[in-house]
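What follows are several structures.
Same chain, two partners: chain A is paired with chain B first, then with chain C.
The block that comes next holds the complex of A and B.
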């Protein structure tokens, strides 16, 4: 590890020592209390080699390297998008081993998805760390998966730089088992006319927290943040998003949908921030929760913070149960209750999945996860 | 964007001169020394001839307050308050030996009220308003008393209620907002000097709107009103609270507590027009308004409705809330908040759904102009037992000029699957299309802006009682004078 990275690690370690695991009094963790992690035993720290990076070798236009091998300019990017004032960011950075760098050359379109596959096994703590750089005019799809059922912690950090006119689609699926704690970070910066689409499927881990921070730094940049929470049992999942409109003429669109069964807890906190002098902004956000279980909970905190006047920003948030009259309509046509409910949930989450039509990741990995979730929730439901 | 530039220019023009209620009455003040300690609390209690239990209650609140920390989560900033640099009790001297009727009241006081347009004497009947006027800390005149007595409605200064109806005051005081609820509520509990007490007995529909004018008058005197309204089964009351304060440079502290209790099938309508001195165009002076207002809908099918027009104060920290305990109870919050120059407002509401089939509705309209900062902060909470509860929230912000800020921070916590919460919020400036449409029809720019802003807040203005609507409309106009014409 080079001194730049070692210094960053040291810095993060110092920061975390003073921050500690946040409790509910820390506003960003109001609904996800991490103070109990103080006593948690995650097991040994393992290197972030749980995935198979070999498949990425030899892809034309992609340079796969590590931050230690990269030049100073790339090294300086590590940690530059991540606020170390956040305890999770500090903790993960303090434990990072090596940073895998995916560098897509200018004006290159990579057809095959760049897959980062993580599969947990054994009690341990892992801190996968990536730096993704799309040069000017590049195009790529990034796939991130976290699966496996074992005790311990996964705390990945992905930093993404999308240069002018480049486009990145990022699909992130979390389906870790009910013994895992998952504390993740995704931080992205978009330059002029760049676009970034992040679609997250959160169906896993006992306690999950995913921070997403997107900075629209160049005019004409656009971001889509789409997310699903499919929760059951005693799961708790917290998506914490922050979209910063730091340049004029930038647009954002955000849709998060939560389906919450049993005694699970879904948390969505999303802020749209419009900086001073960032005029001609459009930012829309929608968060919707569907409560299926008698002890299920949804906590939403959509937020607007606006310091410019020529903006159109909105957010909407709803929480409720399945529509009784729609349910009756389906049942009146002979569809059994469980099936009818399942159909309605499928319709509810479709808005998020629609954009994935034709994406192979949806067919090969997401569909099976979603189907498994629906059948486990509705097979046990009484046919009322 | 000629329209924008023009608007910004007009906002700039707004200065303290537009605060037309800025005058100061020259009356000798009966004061106790500056500062806050147990002796001051004892002195206030002694001045008010309070019973032992109330003194103990105050002292307990004071002790807890000394251990609490000033909240810092609101999106407002102001210099640190030195709580020992305030007077905690000031009463106009001329009422030290309580006047029996209006004739005995200091004519200067009456003059003040006349300039504010309070219908205290000649307009008594016409206006149909009973005014319990609070001049700084001691209420000096109460009208329409006999009319209210006929229907057994109790409406009096709370200090008088402590003497005359101790059992009622003791039963309800601090049950909605406990002394230790928050920093400012604890401070208020320790040093509150006046406010109103209203009790509407079973089955009584209060025949008139009850109204109190609060005025802050003496230099550096913080006012700590305590208002308690209890509406018994099947009763109804509408209460109006209006505020103006004279112009001055010292920042003034104001920490009121308002408690509402609604029993079975009762309804309380609480309307506020707040127009305290906001400070001048450079942010100098102005009132600090840290208020705790909360209603408990204890009875089944009870209803509480908060309506507020907030145009004044340099710093506002205010969240009128409803705890919906009774099954089928309802809470409403209608708000217009206008900030200009360097005003800061962090305001909103909390709707806590406890009982079954409880309903709440929140309509909040915020207008930021100049260099002001405004935040809507709200909580809608559905507890596990709140079967079939419903909430609808709409909060819209309008920005005038490019140096102001508008923020929306709603918290939505749902723990009952049959409860439904809907929230929507928008932030935008006056749309160019709308302006263009109006101008195309021959309206000048000022009129067009006025029309659009009026339409923006209309939904809330409509909720105000008739007696208040005129004044409120005038206030909206004064507050945006220069920015909308």
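The block that comes next holds the complex of A and C.
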């Protein structure tokens, strides 16, 4: 590890030592108390790399390297989007090993998705760390997957730089087992006229926290943040998003939907921040929760923080159970209750996925996860 | 076919009694019309027969083809051959009409021991039935009842009935909100299904529907009971004299 990275790690370690695991009194962790992690034993730290990284070798326009091997300019980017004031960011950074760098050359369109596939098992802790750079006018799809039945901790950090006129679509699926703790970070910066679409499926882990921070740093930049929580059992999942309109003429669109069965707990906290001189902004956010049982919980907390005046921002949030009259209507047409509920839940989540027909990652990888969730929820709890 | 005896039903929430000893016998092939003032309990009767939550039957019985209807789940009643065309069809955003129609048709076919229809077979069938009802095929791509006009919703109800081929159909004010042309199309859709084994209970406010769908029997429902029964001439009389008399009685 180079001294730049070693210093960053040392810094983060010092920060975390003073922060500690946050309890509910820390505003950002109001609904997700991590203080119990003080006592947690995640086992040894294990290698942080995705499986099959080699498959990325030889893709035209992509340079696959590590931060240690990269030049100083690239090294300086590591950690630069990540606020170490956040305990999870500090903890993960304090444990980072090597940083895998995916560097897409200017004006290159990479057709095949760049897949970061993590399949973990055993009682151990892993801190996958990536730096993704799209140079001017580049285009790529990034796929991140976390699966397996680890009883430990997965705490990945992905930092993304999308240069002027570049476009990145990023699909992140969390389907780890019911004993895993997942504490993740995604931090992205967009330059002029760049676009970024982040689509998240949060379906696994006992306790999950995913922080997303997107900075719209150049005029004309656009971000879509789309997220799904499909939870059951005693799962708790918190998506904490922050969109910073740091330049004028930037737009954001955010839709998060949670389907919550059993005694699971879904949290969405989403802030849209508009800086003082960022005029002509449009930011829309919607969060909806669907409760499938009396013990299920949803906490949605939208927030706007606006310091400019020529701004169109909206946010909406709803939480409710399935519409009884719609359910009766479907059943009165001969559709069994469980199937009727399934149709309605599918309709509910479609808003997040509707533009994504034909995205192969969704068809091959997400759809089976979603189907498995629906059938497990509706076969084991017929009158939920 | 359907035998309702001394049916008492109340609203679960406030225990308000709505049906207060209703009796009705419907034989195979018969068309019965129920008319009556607003709030008499006509829709409540349809909802109780279809099995909607929120009502409590406190007394009486309902037998459908010899089976205790009230002990069946909502979907089981549909499979047994009962159909309710809703007074207010429910909008279900995100559930595509075609997918919904195919699911309910196939679920019903499975329950009745018939083979499922595949996508192509079903599409052909649905298009043909929709055309008979002058339903724009684009409607099949939209969400269930979402943004449909009043007339479109009612025609969609009849389309569902045509696909599910029930033995007993309740039409709850299917004529309301229809113009004369739509009324004729809907009535033709109903008449096309009339046969010696199929029965209908037509709930309406207006005699004009009964010009198109000729009933065998007409009943007046007021304050939760059938207070008068007769032939088609009763509908004409009601048209002339209104329900004032029955509202007072209520």
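The rule we apply is simple: the second predicted complex is superposed on the first by the 381 of 384 C-alpha atoms of A that agree within 3 Å, B and C clash if a C-alpha of one lies under 4 Å from a C-alpha of the other, contacts with A are read in each partner's own complex, and residues count from 1 in each chain.
Everything that follows uses one rule, which is that a residue touches a chain if its C-beta (ideal position, glycine included) is under 8 Å from a C-beta of that chain, and two chains touch if they have at least 3 such contacts.
The shown structure was predicted, so the numbers you read here are calculated from the model rather than taken from an experiment.
In the overlay built on the shared chain, the residue A:336 is in contact with chain C alone; chain B does not reach it. Within the superposed three-chain model, A:325 lies in touch with chain C and out of touch with chain B [touch as defined at top].
After superposition on the shared chain, chain A has more residues touched by B, the comparison being chain B against chain C. Once chain A of one complex is fitted onto chain A of the other, the partner contacts of A:23 are absent, as it touches neither chain B nor chain C. Once chain A of one complex is fitted onto chain A of the other, the partner contacts of A:35 are absent, as it touches neither chain B nor chain C. By the document's definition of touching, neither partner reaches A:253: not chain B, not chain C. In the superposition on chain A, contact of A:347 is made with chain C only, not with chain B. After overlaying the two complexes on the shared chain, residue contacts for A:219 are found with neither chain B nor chain C. Judged by the document's definition of touching, no chain A residue lies at the interface with chain B and also at the interface with chain C. The touching residues of chain C, when paired with chain A in their complex, are 50-53, 73-75, 77-79, 84, 86, 89-95, 99-100, 103-104, 107-108, 111, 143-144, 160, 164. If you check the complex, the residues on chain A that touch chain B are 27, 30, 276-277, 279, 289, 291-321. Residues 323-326, 328-337, 339-340, 343-344, 346-348, 350-351 of chain A are the ones touching chain C in the complex.
On the side of chain B, the complex with chain A involves touching residues 4, 73, 382, 384, 397, 399-429.
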